[in-house]
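First comes the structure, then the notes that go with it.
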């Protein structure tokens, strides 16, 4: 059991079902520290938005308890939870001006008129929209509306802000700009942010921790670098960053390492991360940038052969697609450095990598996943 | 000069760019015009012409002048403000006109027209028209007065003088309970005859209350329709539309069966012991009956625009308000309701306009205190054939609607109206 | 091009004329329901049987007859051939010049004994209100019916009883028009029947009539459609109602409702045929009218509906109800037993005062 009181939010064995037949959230346990920027990342339908809605109070938990600042909140109405929320399409009130939108949470809290005005000014300044107070939301650009939505969630100084895919409607450039802006606001104010997205780059850029959701379960909860470098299961490895997968069977386990027979018979050594035991199927996960072509013998623990299928010239590097051990989507990034290997399509090459870079994970479909 | 001409943008072959653009657009414009032509033609024939005709009928006064042309001409020279009867020439003109009109059988129309202004003119003309055949020479005046001594009444001649012009305002005067007295002074109708202003007033306030009642009943229904899952809302929508597919007469008659003193509702109340057998409630053939039946009939016209507006309000708006600290009530009042204003406006205008023009339902269930101005328009169109007065009443009603429309535009803005 | 069409047009005209000779449609407008059915059986069917070339098309829009007729005549597109109208409407239409004039003796068949039509129709009915456009078919009356289970002991029998709320408590139903109601009010107030219009012609007389109506105003349900009063009586909504006598007959005899007739001062009225001015098939129309208004045909109609024939020579021929087999004579408004006291409308007086009294009546209602 997690000790209560130290965290801002705690999900304790929370389950959620809409139809009484299937669980969209299966036994969720999650603790979020004050000042954290936690991102719930996952494909659509993975349960991340449901989590957020339960926390905001718009969906009741079917089972389990959610704590806010140590207080159970299952029976607290949404308007009394004091949680700021930024919605997917901003949900700005179209009939109010920007200033009225920002004043709304303060007015319902019965702040004095002067107080309201001062705070609205301050928060407008913070999101660089001073002077836009009398505009209507429809008169603002998408990015500006986004900033108003963030400002509105902040203006009443909640300890916790929820953001539900807030940048989904923006174009790429604006999205990147806003990512930094939100991150900046988070750092300045020190509020706790729970952020929902299906965009892994966004998650990696902004978060202090990321909870990867799939199928109603958190697959892995870790800092961005850990998630990328040390995925704990096949789903996470595949979902975060680019990944090469090789199917095989565990031959022997040797402490932190194991020996795996690939489907075409070649044998490799891999880091034992998440295998079920000897003679069990496994998936090897290998980042493209960790594979060397034509390794100088001593540098690689594993050397296999592959056939070059396709070469894409990308300036700083060349992206090579090869067939390796039956996988014809094996990607290798060849740095466009001095004296790099010259490749031809159709050529057979030798590939090498270190055993530590090759993680033996669960085989897809076996369903083994950490809770 | 040369500098300005040089500035004109030209196409590659030297034509001014603007001209070239116009040419290019002219064809597509023509095509668009041809497409709307049938509808335009239909509107003109089926809508503008009848309305124009109605507008004109409310002031058209050619009856007297065309049926009694000689009289209309001869009486121009007579001093209607004096105390003398018109001269012999006018009497002769009238006799000759009556003889001609009797042959053409048009005298009745002139008589009925003048009778609107002065009761008794109908019988005067009818009687004189029959006997005027026998008058062949002087003294025209004595012989006409011999037929009916009312011809010696100077006010009869003043009336003919007044109403022989091509246009008249008297229909409009009647429509607001005014009239011209014998000396052509504007006076109110005698108290027992004043009816139209009362009816206009009643039509407006009852329609207003019907609109408010419709709004109060329709709002929650529309809200349910817009927020329930599709399966439930479709069923609800059918229930809302069902009355639409039932004959108006059937619905109105059903209300009579339900609400009359020996009706189902009273029977239930007596059975339940809430009222005594002698204390049965009068719920139909009065204002109450009109309210109930009209609200029921017009309810869909309020629900549908409300629903179509509510459907476009994202649920996240209410959630946002709640998350910002608003109680459900505050969120509803300050966020949801203002966003339905366009639907409320559209529904209210629709129900109100339909309501002030309704006549079948008020005629059947309104009794003596629940009838509308439109019932009188119907009477004047189909029973008394006083189409001039019907048109004047209709024009006033139309003016009322337009005034309300403009008022709405001022307050809410027509652009904000969503009809469906 | 123009010339090329000419023979074609001529051929078309010929074809039309020829077609007209073979099969002719007559559009006859009436009230629908039981009334049109009685005309169908008494007039239309026998006429079509005797004239195979004629097809009679029934149009049930007589209730809007006046307005539609005016629209047709004014626009010059008369599609109706014969229209059934009540006398009051026929007078208005005739005054407005919307109708063909009728010459009774050349248009209408004489009685079997040779009496010309102008003498055989009940006196004054062919020239009602001083007009000459109207051929009466039936005499009907607006009279009273009361619920037989409403009063213990003495039953209402006079017009004064209708206004007597003390002896005969309960709701009344009256037509929402001043005509008849004002006359009845004066008679109930003691004015002799023959002096009614003399009194009504004075402002005091009108005031007196309204004052009498005031005494029952709170207890009156006002009806506008002929079907309403029998229904109101049947539902027990009212205990006494004015109604068309044929509607009451149907409620009493055919539907066996506990209702009885109160004939005192029944208001006689006429319903008959008019021909729109500019009707295109005048010869065919006249032929039909000559047949449909002869002595036997008018007597036949009374087999199907309890309205009295407008010809004196038809009255003795009235027989039994076609379905129920009962003798229709006692149910005729013209039966001497029923017609001891009758109110004859003064249409000329009403033409002068209708607009004024309509307004006053409705203003009075609204108060």
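We call the chains A, B and C, going by the order they appear; numbering starts again at 1 in every chain.
Definition applied: contacts are C-beta pairs under 8 Å (C-beta built on N, C-alpha and C of every residue); 3 or more make two chains touch, one makes a residue touch a chain.
A quick note: this is a predicted structure, and the numbers were derived from the prediction, not measured.
**Student:** Count how many hops through touching chains it takes, at the least, to reach subunit C starting from subunit A.
**Tutor:** 2
**Student:** Would you say B-C or A-B is joined by more C-beta pairs in contact?
**Tutor:** Result of the comparison of A-B and B-C: B-C.
**Student:** Of all the other chains, whose mean CA position lies farthest from subunit B?
**Tutor:** When every chain centre is compared against subunit B, the largest gap points to A.
**Student:** Could you please state the distance in Å, as a whole number, between where the Cα atoms of subunit A are centred and where those of subunit C are centred?
**Tutor:** Chain centroid spacing, subunit A to subunit C, equals 88 Å.
**Student:** Go ahead and note the Å separation of the Cα centroids belonging to subunit A and subunit B.
**Tutor:** Distance between chain centres, rounded to whole Å: 66 Å.
**Student:** Could you please state the distance in Å, as a whole number, between where the Cα atoms of subunit B are centred and where those of subunit C are centred?
**Tutor:** It comes to 31 Å between the two C-alpha centres.
**Student:** What part of subunit B is in contact with subunit A in the complex they form?
**Tutor:** So the residues of subunit B touching subunit A come out as 314, 316-317, 319-328, 330-331, 334-335, 338-339, 341.
**Student:** Report the residues of subunit A in contact with subunit B in the complex, numbered from low to high.
**Tutor:** Counting only subunit A, the residues touching subunit B are 56-58, 77-85, 87-89, 91-95, 104-105, 108-109, 152-153, 156, 162.
**Student:** Write out the stretch or stretches of subunit B touching subunit C in their complex.
**Tutor:** Its residues touching subunit C are 104-106, 108-109, 111-112, 115-116, 119-123, 126, 130, 189, 192-195, 198-199, 202, 260-263, 285, 363-364, 367-369, 376, 379, 381-387.
**Student:** Help me check something: in the complex, which residues belonging to subunit C touch subunit B?
**Tutor:** Residues of subunit C touching subunit B: 63-64, 66-67, 70, 89, 92-97, 101, 130, 171, 176, 210, 220-222, 224-225, 235-237, 348-349, 351-356, 358-360, 362-366.
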